[in-house]
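Shown below is the structure under consideration.
Chain naming follows the written order as A, B, C and D, and within any one chain the residues start at number 1.
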């Protein structure tokens, strides 16, 4: 024991609150440091749109967009399944909600305001401007992010509804309930009426009519294709940034503690209920955004297949393979899982069989996933790997 | 007035009366023990005090505030911290993060501040790192701050659990078999540690322990449970000689 | 009146099918305390194997109309094959995870489920297009009350399901191995102290559950005739509903699974008939959520206390 | 040669070493008792002997045969029955079924012998005979203990491991249980008895071991230990 430390503590274990208020540095550098990553992400997004798109060409740019959407999905699911250790299997449900809601916003807004559901043009979407916008931006540059946010928010609201049962359920029971929720969402969307085709029809149907005219089981077609590399890189970046900032904060540590040991977490003062529900809400929000991006890439808000559990399983595979709780792991897995079938013919044919086997083997050989909760930039991950490598060479146990 | 007061606390599981009419008065800076044979209901008492189970009857008060129906996290907030019989650390988290989680209640800046990295959040993180770092130093764990908790040797895990409980900023500390599985040297250090913790932080401590050497040496007063009931209460010398206690431990003397 | 009778009949035939599948979930949960997510895929395998065996047999004998005994042969064949698959899965995927966190076992089960689904899709196996099983039973109407027809198919279907359940009930409650299963489900360690080879009992339970699943698949094929590809989402729904039945009845409880199966079948059919048929899946999940929130241990289950 | 010989047994639970090299032996036909306060590792020792725990080091020999690492159901077949701590009856099964499970490991050919053993067990525990059709979960604590012991006897063990048979029982019931332990031993079964109730245990046993935090602190004939102050010290810390 360290005697000096004990004396120091005795004299100065002031309330943490006073410690916090005591140290208050200047506001300006803080603001800069807080905003810098966002600036970098925006810059990257612009570069992706301006430079990368041309370099990649149509096919690969398209693939990159899919990868980006999958990163948003995998990282957001990591917040629930990885951070808090609750097992959600209905993530595709939120994807669907975001897709349909944001689709409804862009489609019907364009239809009623500009007389056509077609894209109103947007520089950030890489489209020529057809209507007047704000300053040098096109109308679509404003409409699209607003629609995405609305989709995300509605999805987050549903996340709240799904998160609430998690107060009383654990593990596999919760998994089944989220799967059921996802299905309910899908079934309910399928009950919606056909999309309204003309401004007059939309006008007549009113807001409620438009909100229920989502194309039903056929999917919601004719959406303006706003999604570009810019938007995808932007949101993938923001999702990772937010996830990272949560993980390295009081709230994030609370989430991880719930996953490690719920009873101990409560005994340490963590409100496990609120923590879990927050995780569900945030994850649902970003999944909703991903849904919006995906819908405005295809021009169709997700047919039933995209909202179904097959899609949820896809996302789970990424999260599990990457490491339950690792943001960079999930993002990496999203890249690999999306790209591998595109590059390897053999993988394309047996795609799901290979991933299923990978899932099973991973659970037996490396139960925490590739990276566990750690990130690729964590020094201790590499040290750990190195040490293990050395001991293996030296004969090991 | 006593700091922690339990009165008539009872709990049944199914038909089994696990704890019946448990009563305890723990004064400020008191160092008390709770002992009893296997299955006497000691850990259940801890679970009742900390809200893991809800008592069927009885009240628990801490510094005059009623704890009886609160959820465990609120009870921790009121100043009752604990360790667990079968160590429950957050194994995948680093040693220092284990302590940071325990500072949860004293962190006013939540998710929005963290996502926007506001000044408050930064200051909070700095304060957390400083305070937790100091705690680790006190417990001799500073060099292991960034290791995963599950990789610590057993004795360090026990100490980290105590440090974590301290980090919540408690008024009362409940220790569930802190010496279990320790060797004599570690036990000796543990005794010193528990005393220092009490003195430094001005806490009241209640501990469950099987090692009578530790209990008799440390505790000012001892409560003995048998079959869920308090059968004796008093200073160590008195409890040791109590025929009811001897019978509970050693069995009825040969007839 | 006709509608009520019709709905009752549908409820019983569907419910007995759910019950049969629910038994597999419940037995595995009872012993290993995890949801065998791949159970529904064994049902699918059972349906496809039934089709394959029936088709192969007809081709072999060079006839078009199957004789009456063929149904039994197909059923037994599918059950044996699925039992073997269940055994293999348990040994290779689940056994290495004894004592692992429940989440890991659940993920493995999802992996196994995906593996079965997608392997079945291979063109060398069952392919991706739906196929029709040969008519194994004549389309005879046994009884008509008003518009409601009771067909041979209904009676054989529900009869087989009920017979199998009675057999299982007998096995679990009146035989030595059944006793060993119940003992293992209550406490693996104490069971081992009785000299029960617990690993063998667990394997046996998997085989038994898989055989019942195969029977469920066979009866499903008999009832609906057209069999969809193995990764079709309707299969997952079927499995989920059977699982809901097991939870509603009280997971781990063999009699509860039967009761729950019947209850879910009835709820689905009555909801479809009297409310809205397109929302029938929603009713089932609403029931699941309600049961889990109000009485998590199910109708016949017992509440457990978590040890701290 | 002793019937059971345990040497240098080390058992770990994860990072915790629960037994640090325990050695003990039980002579054929005797009762040996392992006493000590809880947490000392008594149950752990029994669980290692019956195969529920795999020791990290050390050896366990039964009747001269190495049984370290053998699966528990095989060890039962060799003639070691273990009545576990907390009794471990199957509460949702009848007393009858519980008894049947006790004889699970015995082959069908012993049917008649099993029936006879069953009668003998029920003669030892007449209370159980009245309750054969009752669910075991509805029995009182003492009756459940009797059931656990009767069930263990049905395996026809040469060595019976009894874990805390007095736990949670009223003093009078404890007297009865210990009388039966004597009777069982008199009928030829060797017993390793784990007890917290040191007085009772030393009274019935031939030989005693005092376990203190994973080590054997004392080993002597039961008479000597009974008279010794050391035992009291180990339990209550009275110097």
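Convention: a contact is a pair of C-beta atoms (placed from the backbone, for glycine too) under 8 Å apart; a residue touches a chain by one contact, two chains touch by 3 or more.
None of these values were measured; they are calculated from a predicted model.
K.L.:
Using the touch definition from the top, how many steps at minimum link subunit A to subunit D?
P.N.:
2
K.L.:
From the centre of subunit A, which other chain's Cα mean sits the farthest off?
P.N.:
That would be chain D.
K.L.:
Measure off the straight-line distance from the CA centroid of subunit A to the CA centroid of subunit C, and report it in whole Å.
P.N.:
About 35 Å separates the centre of subunit A from that of subunit C.
K.L.:
Can you compute the centre-to-centre distance for subunit C and subunit D, using the mean CA position of each chain? Integer Å is fine.
P.N.:
About 43 Å separates the centre of subunit C from that of subunit D.
K.L.:
I'd like to verify one number: the distance from the centre of subunit B to the centre of subunit C, where each centre is the average of its C-alpha atoms, in whole angstrom.
P.N.:
From the centre of subunit B to the centre of subunit C is 48 Å.
K.L.:
Which integer distance in Å separates the CA centroid of subunit A from that of subunit B?
P.N.:
Here the centre of subunit B sits 40 Å away from the centre of subunit A.
K.L.:
For subunit B, write out the residues touching at least two other chains, lowest number first.
P.N.:
52, 84
K.L.:
Which residue numbers or ranges of subunit A touch two or more of the other chains?
P.N.:
Only 263 qualify.
K.L.:
Note the residues in subunit C that touch 2 or more other chains, in rising order.
P.N.:
Residues 308.
K.L.:
Can you list the residues on subunit B that touch subunit D in the complex?
P.N.:
Listed in rising order, the residues are 37-39, 153-154, 157, 177, 180-181, 210-213, 215-216, 227, 240, 245-246, 249-254.
K.L.:
Where on subunit A does subunit C make contact in their complex?
P.N.:
Listed in rising order, the residues of subunit A that touch subunit C are 85, 87, 89, 165, 168-169, 171-173, 175-177, 179-181, 183-184, 187-188, 190-191, 263, 304-305, 308-310, 313, 316-317, 320, 324, 350-353, 355-360, 363-364, 367.
K.L.:
Across the complex, what residues on subunit C touch subunit D?
P.N.:
176, 179-180, 182-183, 186-187, 189-198
K.L.:
Residues of subunit B touching subunit A in their complex?
P.N.:
Against subunit A, subunit B makes touches at 50, 52, 71-73, 76-77, 81-82, 84, 88-94, 97, 100-111, 113-128, 130-131, 134-135, 137-140, 142, 146-148, 164-165, 167-169, 189, 192-193, 196, 199-201.
K.L.:
Would you pull the subunit D residues touching subunit C in the complex into a rising list?
P.N.:
50-52, 71-73, 76-77, 81-82, 84, 88, 90-93, 97, 100-102, 104-106, 151, 155
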